[in-house]
Each structure stands twice: as C-alpha cells, then as structure tokens.
C-alpha cells in the first residue's frame, strides 16, 4: 500500500523539500533520474507542476499533494483540503492573483476590459471573474512571463505576485485582486475513503504542521525564585502554559515554555529584569500542541 | 517604421542572441526590465515562447520571428518561411519530435495507443498523427517535463529531443518520429506585402545566413610557385573558386580561398606537401556568396 | 605530548571534518598552507590519501587515523581498529569493492579472468582474490578512473562503488564483490601501548561515536496525564528508557526520551492520539549512552 | 518612536546580520533598494561604513551602532560604549592596527619615520601616534589597499590586520602595534538621555550578548546515580551551577548544565568514566546569565 | 629606464586590462601578490584608485596613468592629457557627475542647497560648484554608497552615474549635471620632458587607440565585376578609401575596406544587390589610420 | 582504420582540448560517459593520466599521445617523439622536476640524502638520480601532494613545479633540478611502421604546430608609398618575408606580413612614423611556414 503524493515543481519545490526534511522525511532528486526519492516506503512521490496537481487529484490519479489555493480555484476541481501550510518562496506571505495593466492604460476596473485582450495562466479563473462582472473579453493562455506582453501584445494580464516587484519592473499597475492564495495540503476524495490512506494523510498533517510551528518557535528555560514566581509568570502571554518542575533547591523552581521568536526577544529582557536567572533559549524541530 | 521581431525565449535564446551578434546586432536583456534592447532603431524585439511565435505571426501581431519548425507545424498557422537556420542549443543537429513509452511498455506503434493516455506539449500535432493512424487516445496538455509522468500517470508522451539523453535517463523508448525540426526565420503574410518590411526581412536574411556560414568557414591564404600552380589548385574542392592575385615576385602567385573547418584540416597537410608555402588560416565573421 | 592523527584526503574529507566539528573539534585547511589546523593542542593532524594511512600506521609514523576498511585490507598492514564510523560521501551506506567488466564481456566469474588484463587501485587485494580462485591474470596499477579503460585497454577492473552510478554510466557490469567496507577509526600498535595516547584515542572514540549517534537522533519531550501514563509509555520502543520528572501539577508527569528521526515520525501521531500533549522535538549535538 | 541604528557595511556586515539573526532579528538587504529591512518596527537600520558610524553618533544623526574600537579611536568622537562584541570576519580574535614597512626597510621604530611618507585610512590615529613619539612625517589618506604602495609610492603604512596574511603576501614587516580593536555596540549621548531609547538599547544589549554567549556554549543533560552524585558533580568546573531535578526513580537524579564547547569535549569522557549515563548534548540559541 | 604606469583599480580595471590585451600587452594580477605583472620590461605598472592617479601624477611619483576626467577635475592637479579612450564598465557612454536629491525633496537647483548637508566623493568639485553658484552648504566626504544616505542623513549628494539605475533604485532625482566624463590617458609633466618616456607614452597611445578603433571595426573583402566597379564603390562611405588589387582574371577586381560594424550590416545587403560577390567579413585586432 | 590517441587527463586536459580546437578538431567529454568524443572518424581518443601514456605506447596498446617529457623519462619507455608542443597549464614555460627539502633541512645536495626517506610520483627517475650520485635512500611512491609530508613524514620529495608557488607555500627549498620538461607529441614504434598511421600522425603534427604558431602570431597589412618602400621594409625583422602586391594606384604597394604579438607592438609605432598607412592587424588561426 502506497500513498501517491504530488509535490509542486518549480518555485515552491525547494521550500517544500525543506519542510518535509524538518518533518522527518528526506526527499532527494537525483540529477540522473529526475524522480524524487523519499525515505518512507509507503509514500510514492512525484514532482508535478502546481497547476496539474488539482487535476490529477480530481481524477484520482494521485492520492494527495501540495499546491496553491490559486491553482485549486482555477482548476475548479473537487479535492479534499487537509490543511493550510503558510510558506512560499520568499516571504511566507500569501500570494495574490491580480489583474494588471500598463501604468498608462485607461483601464480602472473589470468593466473597462470589454473587448480587450488578456493573457494569463489562469484562463478559467479569469473567465469566471469576467463573467461575474458581466464583461466580454478575449482571454488567451500564456506560458508564464505575461508581464512582457503588455502593452505591445495584450491589454491586460492576470498573474500571481508575491511582492509586486516584477509588476513594478515592467511598469504595470494592479487594477484588482481576484484571489489571495496560500499553499494547501490536499487529498483526493477516493483517498479519504480508504482507511489506510486517510490515516497516512492525517499523520503527515500532524508532522507537517508540527514542523511549520517549530520554524517560528523556540524553547525557553529559566529558574525562578519561589518568592517572585507568580509575578514573573504573569509576564508570559496568558495562553502559554509553562511546564514547572521542582528543583533540588526548594527556594527555586524551573520553568520551561514554548514561545515564538518574536515574543521571546521582547520577553527575555523583561523576565531578566523581574528576577529570572539562567535563561536559556534553544531551537526546536517540531511542536505539536 | 519598425519591424516587430519575436525572439525565442528559453533554450534557443542564448544561441539566437549569439547569432545576431555575429550578424552585427547587439541584443541585451536587462535584468530589471526583461525587455530585450537591440542596437537598431528600426527593429522592435520581443521575447516570446517559441510556441507562441507562429500564433502571433498568423494574427499579424508581430512581423517576423525565429522559432522551430515543430511549433510552426503544431500551430497549423499560416506563416511565410524566409530561411532555415541550422543551429540549436547543443549540437546544431535537427531536433526530433518523438512518441516515447516506457522501456517495458507493450506499445510498438501508433496503433497500440488506442484508448491510452498521452501527455504532450504538441497537442494538435499529436491529434493529427493519431487521426492519420486512425487511432483514438486521450491527449492531455503538459507543461513540459512529460518524461517523469511515464508510466505512473500516462502511457505515452510526445516530446522533442536533441540527443535522446533525457529519454534514456527516464528509461523511455522511442516508438516513432513525428517530425524532424530545425529553426526557421519566418515572417507574417502582412509584413511580406509591405515593401519596407519585406526589404528589412531580406536584409536580415542576408546577414543571418552570412553569419551562419562564417561559423563553419575559415579563410586560407598561401603562396604558390607558378610552376606547380595548376597542380596545387587541383587539390582544392572543385566548387571553391580561389582568388588569385599577382605578387611582386613574378615566380609566385597568391591564392586565397574560403573553406570549411572540416576541409581545411585535411587540405593543409596536402597543400603543404604539394609545395604551397606561407599557409595562413584566419577566422571570418560573415561570408556571403 | 601529541597524537599524530591521519585524516583522509579526498572524497571523505568534507564528511570527516563535519563529524569532528559535531564532536567539538574545529579543523580548518588554509588555502595557503594545505596543512590542517585543529583547535586542540594535543593533536597533530595531517591530511593523507586514505590508501597511505594504514601504511604509515603500520610503520608507526602516525599514531591514529580514519580510513576505509578496504584500504586496510589492501595494505595488509597490522593496525589496531578502535571503532567503525558509518559515514561516507553520499549515502552513509557501506561502499563495495567490486570486479566489473563491460556489459558485453563473456566474463561471468573470477575463473574467466585467466590470462586477462585487470586495472585497479587495489593491486594486493586483487592478487589475493585471484590466488584464492587459483586464477592467473595480469594486474596493473591504475591511478583512479579505471572505468574508461574497459574494454579498450583492459578486460576487467576492480574498483570501489557506493551507488553503482559510475559503473552503469560506463556500461559496466558487476561480476563479484570482493569486499564491503566502511570507515574505521584505527590506531597504531605503538600508540595503544602508550598510556597517554591510548586514553586520548579512547576519548576521541567517545566523542566521535557520540556525534555519530546524534546525527540520527532527536530529543522528544511531552506531558502525560497520570491516568494514561502506562498506556502511552507502552507505545515507546521497549529499549528506550524515558526520563520521567514530576510536574508542579501532580495530575501530569513530564517524559523525555531520545529517539531516532525515523522512529519519531511514526511515534508522534500515535502518542498524540493516545493523549500526550505539548510534544516538543528538539535537535541534539551528541548522545553518549 | 524609532531607534536609528547604524550597521557596519563591508567585512563585518555578514557576521553582524548573523549575530542579529541569532538574537531574534531578521535583517535583509534587497538588491533593488540597498536599504536594510529589519522585522522590528521600532528600529530604523542604516548601513554605513564603520568609519562613519562614530562621526554620525557624535553628531546625534544616528542613535546607536556597531563599529570597531579602531574607528572610534581614530574619529576621536564622544560616544557611549554599551558593550564589547567579540566577533570579526574570520577568527573572532581582535584585529590590530599596525605600522608596517617593507621587509628590507631600515625603519625599526616610530623615530625612524622622520620625514617619511605614510599612507593610511587612520589619518588622525597616525598623527597622534607620531606626535606622541615626537616625530614629523607626511601622512596621506589612502582609500584602502595601502599594502601595494610600499615601497614604490610610500615608505610606511598604518593598516588593520586580523591574521597578518595580507602583510606577509606583500613582503611587509610589522614595526609597531598602535591599537588592538574589537567590535563595540555604541550609542550616542543624546540617545542615552532618552528613557525609551536607553531601554531599547539595553534590551538589544541583553539579546546580542545572549546570542554571543550561546555561539560558544552547549547544554548538557545527564542522569547521575545518587551514590556518586557528589563525586561526579565535582568534575564540573566550580563556577558552573548545574540544575538538579528529581527523577521518578529516586536512586537517580537529573543534572543539566551549560558549558562551553571546549569544556564539554574534555568533560564528557570523564563524566562517563565516573558513572554518569544518558549524556545528551544539545545546541542553544541564547544564554543570559 | 622604466615607465611607472598607474592603472585604475575597481570598476574600470577589467575593461582596462582587456584594452591593453588587445593592444598587445598581457597584464595579470596574481592573487598572491596583488601587484600587476606586465609582459613589457620597460613598464612598471601599479594599481591605484582612479582618484589617486591625478595626485600621484602631479607629484611626479608616477609617469603616466589611465583615469577618469572627473577625478582629474576634482583633484585640480596639473597633468598632461595624451588622449581620450571612450570605454567604461557598461556602455562605453560617458559617465556623468550629478547633483541628486530625494524624489520628494523641494530642491530644484543649486541655489536651493543653501545651508544643506551634501555627501560626496567629489569634495573639491562640489565646493567649486557651490562657489560658482554663490551658495553655502556643508559638504562631507563619503566613502562611496552616498545614495543610501538620502534623505535620512544628508539632503543631497554629488555622485557619478552611467545609466541612472542606482539613482532610480534609491528614489533619487537628478537636479543638475556638474560634469561629463570619459577615461583619459594622462602623463606627468616631468615624464613629457624626458625623451625616452615621451616616446614610450606616444607608442602606447598609438597601440591603445589602434585597439580602441578595432573593437568597432571589421574588414570587408569582395570581388567586383569591372563593369560595375564605379557604381558599387559609390555605395561605400565617401571617406573610406578601399584598397583595390588586380585579380588574375582581368574582368574582376578585388576590393578591401575597413568599416564599422554598424555600417557593414547596412552595406552588405546593398553591395550584394549591386553585383559584388564573395563578400567576406573578418575581425580585426588593431587599426591605425 | 583508426588512430588510438591518448590525451592527458588532469592539469593539461583543458589546454590540450583548446589546442586541438584551434587545430580544427572538436573534442568533448560528456559528463555521462567520461569518454571523449572527437569529430574525426579516423581518431579514437582516450583520456589517460599522463604517467600512463608512455607505458601504453610502449606496449602498443595506443598509437599516439600527448604527455610530458618528465613522464616519458620516468617510465623509461621506448617511444617515438614527433614534436615538442610548448604549452602548459599556466605559463607555457617548461616545468621542472626538482628535489626539495624543508627550509630548515641540512640537506644541500644529493649526497646528503644518504639513508633518508623520499616521497615522489617519479620513483624510477629518483632512483636513477640517486644511483648516479652513488647515494642510497628509501624512495616511496606518493599519490601526489608530496609537499605536506615534509618534514613530518619524509625528509625530501621529488616533485614537478611550474612556478614554485606550491613549494614556497609549504616552506620548502629546491636542492636540485633533475629534469626540465615540456609537452611532447609521441607515437608508438608500431604505429610509425604503418603507412596510414604514420601519415595521420604527421598530418596531426602539421595542424598542431600550425595552431601553436598562430597563438603567438598576428597578420599585419599596410600600404607603402613606393618612394619609401625600401626604407620601411628595412624596419621589419630580416627573416620575415612580406608578401607584396600591387595596388590599383601605382604610387602605392600593399605589404602583408606575419609577426609575433611581441614584435608587432614595437613595430607599429615605428612603421607609422616611417610613412606606412592603413595599418591593420588581424588574428590568425593557423600558420604553417
């Protein structure tokens, strides 16, 4: 029994392999075979373009996969979403699928596209968008690099963007946002009806989200004088539940807590000023609440 | 008046820019704008995927372009072919568009594809091929990298190949060759009806073919003793017409001839043995017969 | 008093330096001097070809070293083996020393080598192998790259291989395996008779094996409800002895255990389902049982 | 309210960004804008040459910064030193500002410079040094790379050096050391009189020194049999205060201690021989005593 | 007797070495010594910052050098200019020294700088410029990278720019151009009064300008039918004097001419249409009129 | 019929391929097969260590090859030398095989080696050298990198050196030079007795030496006024025989001559001063006298 797993080729590939590595799975792509190899005999991985993953899932050709919400929406495919995994190539911010035109174009909104030529990798999404705005336009499929086609070949494009840098570099202006998208872990309906595959998918979910959490979290240990224990613990965010353990010296107690990297840099100076000693911050691999 | 010229992005891009450089045109792509810049005010260049060039030519959106015969055939577009330019990314050999299956597949010919699943970037070409062989199969568009899909996702693929290395590395076997293809310089029908554009296209043809020729040719000068003149000239290929010029010393005559690199390495030892002296081989930029 | 330590140059060098770094020793090779520098005043390191290390150990010129079991065997040298260290350049799998011939060669076993020409870096090992099989052949020393010599210069080769990729790329076929080999930490007999050197060698053994262990292990902490304590602990591999410590809240107990990366990814989902909370996995530098 | 923070451009830049990363702050420099971006809204970072930081601090144009003690001394500027941070580009050793001459120069001490030509980036420091030695010489400012100017253009140079490699490579000899320098975290006087800025500077000090400490320290856990507890703890350096915690099994006690990487490699073999078991060494992010 | 020659370090270095190579001089910088080595025993080369070259020339410390007209002007030094060499790091266009402010700054001209703070590497040039415009401002020396200082540290900068890209990337606006500058070959007054040095400098001028010319020129040979000789030669630019030589066949004449790459691509199609045959274009190393 | 040609692997490989390319033969090594491919069906190339080439030639296993005179001498093999080809990895200077010891060693000449330990790749050459000097020493084979073994493992080494840099970097001192060596084109005795092979080898010699010559030579054309013809031609080196051809204008004559790059840079200024005009220097591919 094997889980056929579609992995996104291209801009997300490196980040995906790194996430699996932190989750405990080594994936390698030999330059001789191009077929990824994973150190888990019950997983059969295959690298596919993110666009293709929803389609092969809907057909049941693969069991599960990672792809963007944008491509799921464009495909219109029926897939089972397991969880969101907020990572992307640069910033971990969501990407946006936008309608863009040249800086100097008169187009200000979807209505102005009537009769225009639009290039996009998101043909179905764009057609649904135009239809919602009761606008008729010529939508043509473009193999990436839509930006260079404006304005000499087309009037507008629908593309994804993470930072907007590429649009600015081509003197393009964003007119509207069709979609905000993050990476999703998805499964086929058929796989979710199979007990073994569903449990395998859920175990992967636990490990992947555990590894996602840990990337932003650290462990913090410290010793507290019994006298100021309550005061110092009061500094910690109320939802964080520190593990308290007795020390050989009964005047002191050990506290250990998991915090985000952002919190810890604000808390360490405050905890130290309040009397905590021996503060030690250490890295984590996975955190499962 | 400008000639809108489509240049092929991707694997042919570097070789194309190098050919134009030898023809006397500097093309640069700034990393900030992605728009190529050419040092000729009468040309407006645009980088496009080779697949897109025949389509934009047929629509008259661009005037001329360089692309593969394979994409012209797949598009079915009506374009005006100016000349063949035999260069490609690796070997200067033609590429082939082939039907391939897994080493262990029972498929031996097009008839065996009945009811099978085929992934390809050449959807129309594949459908025409199947129809010629009166075979029905499911043809799906694939964004490149078809090789990894056999046999887990599809039964066969139609892909281009220059050396066959990638097919072998994936344990694939070639079943049939649909097409042999080289790069072509093509123009739109509209452009050929405009006097200025047609003359510009023809001037480009002279310079591009002149630069293509020169890449394989060298110049060879030598001094011949009058006595052995006829004998030595008899060694040269009969179609090559050497330029003979008198020397100050009337017992000798200077000969100069354009030869291919392959010929010259066989001829130099023979010419020397026959009495030619002062043999000097020099590089060429362009040769126009 | 210093320990003269031979380090293997070449394919194992980077992995060896990385292992020492995890064991707490920084080794650097300045591009100006080629002499490695270690941050331990009692060690005098020298980079040598792995083949040379057994020979210099047998002569007592160096005190200890890291090299492959294959070279120890080929040298026939008398050395004291301290421990095995299973790491290699690519896979951490043992390498094999094999007899290989061209795909199309009629040779099927050692007997078929009678009168043939064999190129190898393992001259003595090959001669012993032939003598065990009562076969006579011409064995010639080759400075690496034996693969290209078959079949134009020699009939067979004896080479080491980790993945078999290089053999396959040269159309070679493995006929027999002479030896399976891993890296060894070895000392000279003279060094083991000196109290200070023997203790130094043993301390290095503790740190190197501690670092080897840690590369595959992680720490896992979790909180267990007292009620399900036995049931949850029952999930852990029976040989793993978790450290249990009381918590301030007496209904819960903290457990901490060292597990391999492979185990932990199977256990985390099961522990979570069984009621463990606050599971935190963290990286380790060294583990000494 | 923002803290204007000067970061040293050039050879210290990468090490500085790495130190901030370990302290919990991500600093990035986009290749498009050259302006560093930090993930803390209350810090306004700016990259400056280390030479410029003391001057802008003295003018109150920036609030705090990291720069070398050498440039602070050369500037003669009045700045408030917060703490020393011992890191540098190569070795973490202090750099030295030295007076150097050609191998064959007759100059043996500062007195021999009378009437000579000296090139340096440290014009004021050099002039103060000459004046202390009651010597007159021509001091000229040089934009780096002073080494190549000796002896053809100048007689001596005053430069900084970490390893002396560049001086040796130019056949230069060190005559005297003017200054030994490490990196300093410094603030302007104006910033230290502002409550918010002073507290921000002090919080940064805690996090930066915590991260500096951790780079050399590791955590070590082990289980001790109650019977040998005192003996084993006696092996630890007397200033290190281990955290002792009870175990479920009362015959054993858990000990945890923070040690330097150098100490730990000597202690692990001794602790193991004395009866400690389950020794586990783990990495740390920050240590605040 | 040697000519002490200052070569510009930094952005012009690679282009300068390439120009000397085409002129017939190999200059190498060994990574071990940083001293350039030239294959001419009568030249003693030294790498210096372009800013320093005019100063050392004025002092007579070096005999000749290559540097920018901008640095000559800034230095105010008395040097003898031999010739202009129009090459630069990117475009072969002149660089400009400009006054720039932030996009949103109210500054529109030099008069608006009254009382402002200006950072620059061109301190003297900027002070002369302000004085010509009867404006008082604080001019501070900046070690490069002035762009990042606007507007947080200074109000305006004076910097050089070739394409304006860096200014745009920092949101800066050009207010005025102080100077347009190209590279110059310059000599000291003392060197020009020495017969040997002056002749050496002039020989270098011939070879450097010969190599500069050749970079833009090509040779073109062709055979002309006697009948159309005048007509075809009329196509050539009137200032170009073709070399005509008789051929063995008296009905034809050989013509050879040196043309710029730009001209040749326009002329080849016209010459061919007019009856010229056997057109061969070849590269040149040096052209001296 | 094929010529089996041994090409030297390693430091000479790139320079050898470049020389063949200039001679008109393209040699490529695919990363998949490691077998070189040449575009001449009558040559069968094989990459071998330079040390192995003389041995395989003496056995008649290969027909011809390129290797160093040092390895021919060390092998003591009987081979037929065709010609010297003076190129090497760095400087085109001959390499030297030297005896070297540590800076501080008492060894001053071969006699001082009595009873010492010597590491070398040239075992036979070293033994012959010792025997000529009637000295007994222990000579051990070393797989390259002999330099690091002095003085800790051996007393002296015999190694090749081109610039002496590596010896200096290891604090070694040259005691004696055993041999000066350049690259040689050699053939087996058997091949020279076969008519086809001997002619093939001689053709290769013509092309390889033609390409070697051209690397240092250039062509120079100029027009001379008839009046100063003799005077100007007198400037040219007496052995150079210029080709003179009449011009259409009888007052002038065209001269063309092949010169070395070194000569041409001295002659161009002198020719110009003497009245030559239209001097044009162009590159050459091959020159066969």
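The chains carry the letters A, B, C, D, E and F, assigned in the order they are written, with residues numbered from 1 in each.
The definition used in the following text is that a residue touches a chain if its C-beta (ideal position, glycine included) is under 8 Å from a C-beta of that chain, and two chains touch if they have at least 3 such contacts.
Composition by chain, UniProt nomenclature: A, B, C, D, E, F = ATP phosphoribosyltransferase.
Every value quoted in this text rests on a predicted model; they were computed, and no experiment measured them.
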Enumerate, in label order, the chains that touch chain C (ATP phosphoribosyltransferase) and chain E (ATP phosphoribosyltransferase) alike. D, F
Enter the minimum step count from chain A (ATP phosphoribosyltransferase) to chain E (ATP phosphoribosyltransferase); a value of 1 means the two chains touch. 2
Counterpart interface for A-C, drawn from B-F, D-E or C-F and sharing over half of its contact pairs: B-F
Averaged over CA atoms, how far is the centre of chain A (ATP phosphoribosyltransferase) from the centre of chain B (ATP phosphoribosyltransferase)? Could you give it in whole Å? 43
Could you please state the distance in Å, as a whole number, between where the Cα atoms of chain B (ATP phosphoribosyltransferase) are centred and where those of chain C (ATP phosphoribosyltransferase) are centred? 51
In angstrom, rounded to a whole number, how far apart do the mean CA points of chain C (ATP phosphoribosyltransferase) and chain D (ATP phosphoribosyltransferase) lie? 38
For chain C (ATP phosphoribosyltransferase), residues that touch 2 or more chains besides their own: 32, 245-246, 282-283
Line, ring, star, complete or other: which describes how these chains touch one another? other
Go through the chains and record each pair that touches. A-B, A-C, A-D, B-E, B-F, C-D, C-F, D-E, E-F
Residues of chain F (ATP phosphoribosyltransferase) that touch chain B (ATP phosphoribosyltransferase) when the two form their complex: 23-25, 32, 39, 202-203, 206-207, 210, 214, 219, 241, 243-246, 253, 258, 282-289
Residues of chain B (ATP phosphoribosyltransferase) touching chain A (ATP phosphoribosyltransferase) in the complex: 4, 9, 32-35, 44, 46-47, 49, 51-52, 56, 61-62, 142-145, 147-149, 152-153, 169-170
Footprint of chain A (ATP phosphoribosyltransferase) on chain C (ATP phosphoribosyltransferase) - complex, ascending: 165, 218, 223, 245-249, 254, 261-262, 264-266, 268-269, 272, 277-283
